[in-house]
Amino acid sequence: MSDKVLKIRSLKVIFPTERGIIKAVEGIDFEVSKGECVALVGESGCGKSVSSLAFMKLLTTPPAIIDTRVHEFDGKDISNYTDKQMKEIVGTEMTMIFQDALSALNPVIKVGRQIDEIYIKKLGYSKADAKAASIEILRLVGVPSPAKRYHDYPHQLSGGMRQRALIGMSFASNPKMMIADEPTTALDVTIESQILKLLKDLQRKNGMALVLITHDLSVVKRTADRVYVMYSGKIVEEGPTDQVFNNPRHPYTKGLINSMPKIGKTKEEFTQIPDNVPHPLNKPEGCYFKPRCSNHDPEICKLHMPAFENLSEYRSVRCWNPIEDAGGE
Amino acid sequence: MADDIKKAIEEEILIEVENLSVDFPISRGLAWWKKDIVSAVSNVSLKIARGSCVALVGESGCGKTTLANTLIGLITPTGGKVRYKDQDLYEVSNADYKKIRNNMQLIFQDPYSSLNPRFTIKDIISEPFRIRKNISELEIANHVERLLKLVGLSVRDKDRHIFNFSGGQRQRIAIARAIALNPEFLICDEPVSALDVSIHAQILNLLLDLQKELNLTYLFISHNLAVVRNISTHVAVMYLGEIVEYGEVDEIFNNPIHPYTKALLSAVKDDDPIILEGDIPSPINPPDGCRFCSRCYLKVDECDKDHPELLEIETDHFAACNLIKKRTA
Amino acid sequence: MKYKNNIIFAIAKSLLNTLITLGQMIIKIWNHKKGRIGLILVVMISLIAIFAPFLAPYDPYDVLQRGARGVGPSTEYFLGTTSYGQDIFSMLIYGARVSMSICIITAILISFTGAIIGIAAGYLGKLPDAIIMRVVDVMLVIPTLPITIVLTNLFGKSYAMLIFIFTLFGWAGLSRVVRSQVLTIKNTNYVKSAELFGGGKWYVMTKHILPGVSNQLIMNTAMTAAGVMIAEAGLSFLGLGNTEFISWGKMLAEAQSSGAFLLGYWWWIIAPGIGIFASVSAFMLIGFSLEEIFNPRMKSSNSQYKVLKTLSGTYIKELFEQMEAADNVGGIENE
Amino acid sequence: MKIDYVIKRILHTVLIFLAVITLNFFIPRIGVDDPAERYYPPQLGSMTDEEYDEIKALTREQYGFDKSNLAQYAEYVKRLFSGDLGNSFQPGRPKVMEMILERLPWTLVLSVSTMVISAFFGITYGTFAANQRGRLADTALLASSTVLTALPSFIIALILSMVLGFGLGIFPCYADSEMMTSFDWSLAEIGNVLYNAALPIISMRIGGIVGYAVSTRNSVIVVSSDDYILTARAKGLSNSRILYSHTLTNYLLPIVTRFMMGLSGLIGGAVVIEKVFNWNGMGTLFINANLNSDYPLMMGVMLFLSSIALLANLTADLLYFVLDPRVQDGGRR
């Protein structure tokens, strides 16, 4: 498989604190192919955002301490890249957008100028060319009257427009991979649809790899080709989106899908996952999901963390006692 | 279920809102004589029957929170009436008003800011008793224990400070405080949207259980139609300060009439949703015609001028749209 | 009768609560490294001030101490004497009385007035707020040291007058800070919730707002004490402080006016300097420690770097290896 | 909307200025039956009572104390707006305004140069310390800040003047008073001024540099954790570019306010340092006025200092307005 844009093996991130060492990410394997949209799903505090920053080597060390076995981008081994080498890829070949576009854009610099920076500093455009290109990219991402918006400050734009501007900024260099960290969480439902469609269009048109970091399963279902489910610093399930949704094998995935409110049929009760996400400083022995799992084995689940096993060519799950295959794959 | 509800409606209307409007004048800098009008809630009428749960759905800025705050008395409306069991909320004597207010409570969206971080669980839950009633410490302790059990928290935790608790647990504490004085009517303002996905179901189930157990009536505010599917009996869809569609929950979900409701539904239901163009317009000086017309995908010429009324299209199913009016006429 | 008892009970309870909070605060400061140093210093200097007559070997006002003028530190004169022959060690001990009492009393008074006015402005809002804030604006524009000098010239330099003037021009800054905090707390949902339950202004003020700003107030008292110490010393140094009693600033003024360093009497300058420095830094240390206790965010991110230093590379390596091993254990057993 | 903000700030400033003027006028008149009482020059030893009464009567007339308070106030305000702060009690009744303007440059030499020096070194070092977080440069700053902020500047001045001035003889202990009267803009003279000003400047500003450095460090750390800095890093911009065009633009905002506030505080605070070094600036002028109970001069200096503070505040507000587009749209401040 040479068309892997990003390939990571055993990524581990820890944060030392006074009260103990927070193991934010405990050895995850992750890969994205060209033109693929992969989602990394998990609840807050599961380590998904930290992982996404580690993918781009954007975590500040210290305080974070990172370790990877393999870290390849576009076929190149970047695990030992220096800061300077990384700066050549980051922002052009791999880009990233963030959840809250208002705080992700510099409040005292005009939106257009912030896009210009990519063209001038990274792609070597002249100032005038950069301006034209920025306006063009604003038009491309669907900002109405882009020449006017170019001169606006971030707070003068609406939430949706800001997110579009941010997407435009990270799309300006036609990247090989874009990581979108909760791109729609701060947005309204109808705006969310617009932004997802925009992302999807850009990705399809340019054969870009898109990594979607989110907690919202409905976003995943609509957008992603493949999905990784993360729980408490570990990947617990992986597979093509429709297979995972129709036939979840890990009890956590199933719980998540079930607790998604359904539109179609009336139900009396919501299926719920009991208890809470474990505190990062106080993770349970054995399988981290065991205390919340209705189907756990008191012996083995308590003692050992299960391995991440391949179930089929595309599916893997980390569970001693995976849910029966419902078929229909 | 449906028959029960109908019976309940025939039995007793608990809250009746009639042509309620809330306008905020905002001054424009130094020119204080010129005021812009923010029409946050405009001409809203609503009936809430005892034991029902009316869901108020809409995007940010549509006035749903303003409406809730008006019902509970935090904001004074500029026009219209609110009746509680046939008593006009703004005309009753002070003593009566206090009695009514005892029967209404509000659950806030964010359990992080709605609980005083300096308080222990016991302090928080006993606050209503301390303010309202002159009862002994022993009784308060009993009440606190009862309430903690009711919302599924351990009595042992009562002396701990809230920073030890997760979002879900905090929301349970907030709910316990809200039901402390046995209110009849509870407004839930986005009670789950600040919480993790896997916790949503827990809180929604808790609310359902409490409704049955304590015979509560809910006004449930949400920006996401999917969340209200299983908890509500009626749904009111709001757009820019107005109710654009109202009806029983099954009716709304199976047979949406208003184009906005359709778009909202498809955003959570369909893989390829209806995408509304543009942003939600500002509620400052709203247009004369249909307020939705700037984003409507079915817009016709007269929408710019004719303001559609909320009409009963089918039995107990109301919608405000020029197209429907034309069709029925 | 029963009602009366209830009131007494309530007052006693709230007093007890205040004492408990204060005690807890002191324990917290004690547990903080910087705070502990500050606390020890403040207590020590206060004790010295209280027991000055017992501690001072000579009468500090006694000019021509046995004819010894400008004697350097020796066993007889611990910190030497002035060029008038006063014992500097005794002066230092007596000076603590004026300096410490002025700054502690003023700091408490400033905190009280600042808090009351700030809370009133923030919580009442509207017209009272507008008026108070304009007054604060005016107060903040007037330069503190010059106005103090003018007022002492007009109304005398008595002890009480100094405290009054310092308070008069000290509350404004604090009340602005308190006001903005009150505004934040006033708009929180927990205050809204209390209001929904029918909690009146008094209830909200005493249960939510006052406890909410109390941290700021205690911290501010410590910092103000330090500021007043500096201001008082400066004023005395200019020869404009209280003339009856010895204070550290006055010692410096005398040293300078009689050309202490031209004569090489360095001890005359160093001793009161250390007195001022020790007490100012003691209050500041307490203030800083409280700041770190109350805003743990700044501290925790800093402490991460400290923790990092204590971690050895091999330990981290082992940790990573453990993680990988834990990953594989299950797999191996399963096969 | 934009111009509204500016007008509002200016009106606000004018309002406060009026309040300050009023206070300034009435403070010396508090607590005395005859408002003129405080304004009489002190009776000198050689004067007989008759002579003194004569002087009093003359003063009454000269200074217009025979009129009613209100009339005096009106007169006072009127004169103020033509730039006249009244006459001093000193022999020859020199104009207060002229006396102040004569001394002002000498105070400005101290305060402005110290402001600029401390802001420059403080901001530079603070930025450096923030990037070296947790390492030596940073811990040294934090440790020295506790010590240096706890040491009042006049004690530093005394120690410096003792060690560097008297002990080693590198700098003069006292300022050359001749220099102040015979300054003629020659290169040698300027050098002389700097030579004399060295110790006052150093002692005034050691604490200031540390203060700037600490607040810069803290705001750099706060700004660095903002999301838009992460965005800038995700854009792959170089570290210096991130620092200058993203971090700096945001953390300079609070520092602008600090700078302007500091300027007004410094001129007032220079009083003590001027005394240590016998520096013939406004501080010394003020102290001497106080010794002679020369109220017109004292209140004139007070008003002058208050106005500088007020102007500094206004400038800070307007700078904020220019630098932060959110304020221009009536957003948060």
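Going in written order, the chains are labelled A, B, C and D, and every chain counts its residues from 1.
Just so we're on the same page, a residue touches a chain if its C-beta (ideal position, glycine included) is under 8 Å from a C-beta of that chain, and two chains touch if they have at least 3 such contacts.
Just so you know, these numbers come straight off a predicted model, no measurement behind them.
Chains that touch both subunit B and subunit D: A, C. Nearest to the global CA centroid, when each chain is reduced to the mean of its CA atoms, is chain C.
Averaged C-alpha coordinates put the centre of subunit B at 48 Å from the centre of subunit C. Computed from the mean C-alpha positions, the centre of subunit C lies at a distance of 25 Å from the centre of subunit D. Subunit A and subunit D have centres, each the mean of its CA atoms, that are 53 Å apart. For subunit C, residues touching at least two other chains, in rising order: 301, 305-306, 308. Touching of two or more other chains is recorded for residues 62 of subunit A. For subunit D, the set of residues that touch two or more other chains comprises 134. Within the complex formed with subunit D, the residues of subunit C that make contact are 34, 134, 137-138, 140-147, 149-151, 153-155, 226, 230, 233-234, 237-238, 240, 252, 255-256, 261-262, 264, 266, 269-270, 273, 276-277, 280-281, 284-285, 288, 298, 301-302, 305-306, 308-309.
The touching residues of subunit D, when paired with subunit A in their complex, are 134, 226-228, 230-239, 241, 245-246, 249-250, 253, 323-326, 329, 331. Residues 12, 15-16, 19-20, 23, 27-28, 30-31, 38, 133-134, 146-147, 149-152, 154-155, 158-159, 161-162, 165-167, 173, 218, 221, 264-265, 267-269, 271-272, 275-276, 286-287, 290, 293, 298-299, 301-302, 305-306, 309-310, 313 of subunit D touch subunit C in their complex. Residues 300-301, 303-308, 311, 316, 319-320, 323-324, 326-334 of subunit C are the ones touching subunit A in the complex.
Remark: subunit A residues 43-44, 144, 158-161, 188-194, 197, 215-218, 221-222, 255-256, 258-264, 266-274, 276-277 touch subunit B in the complex.
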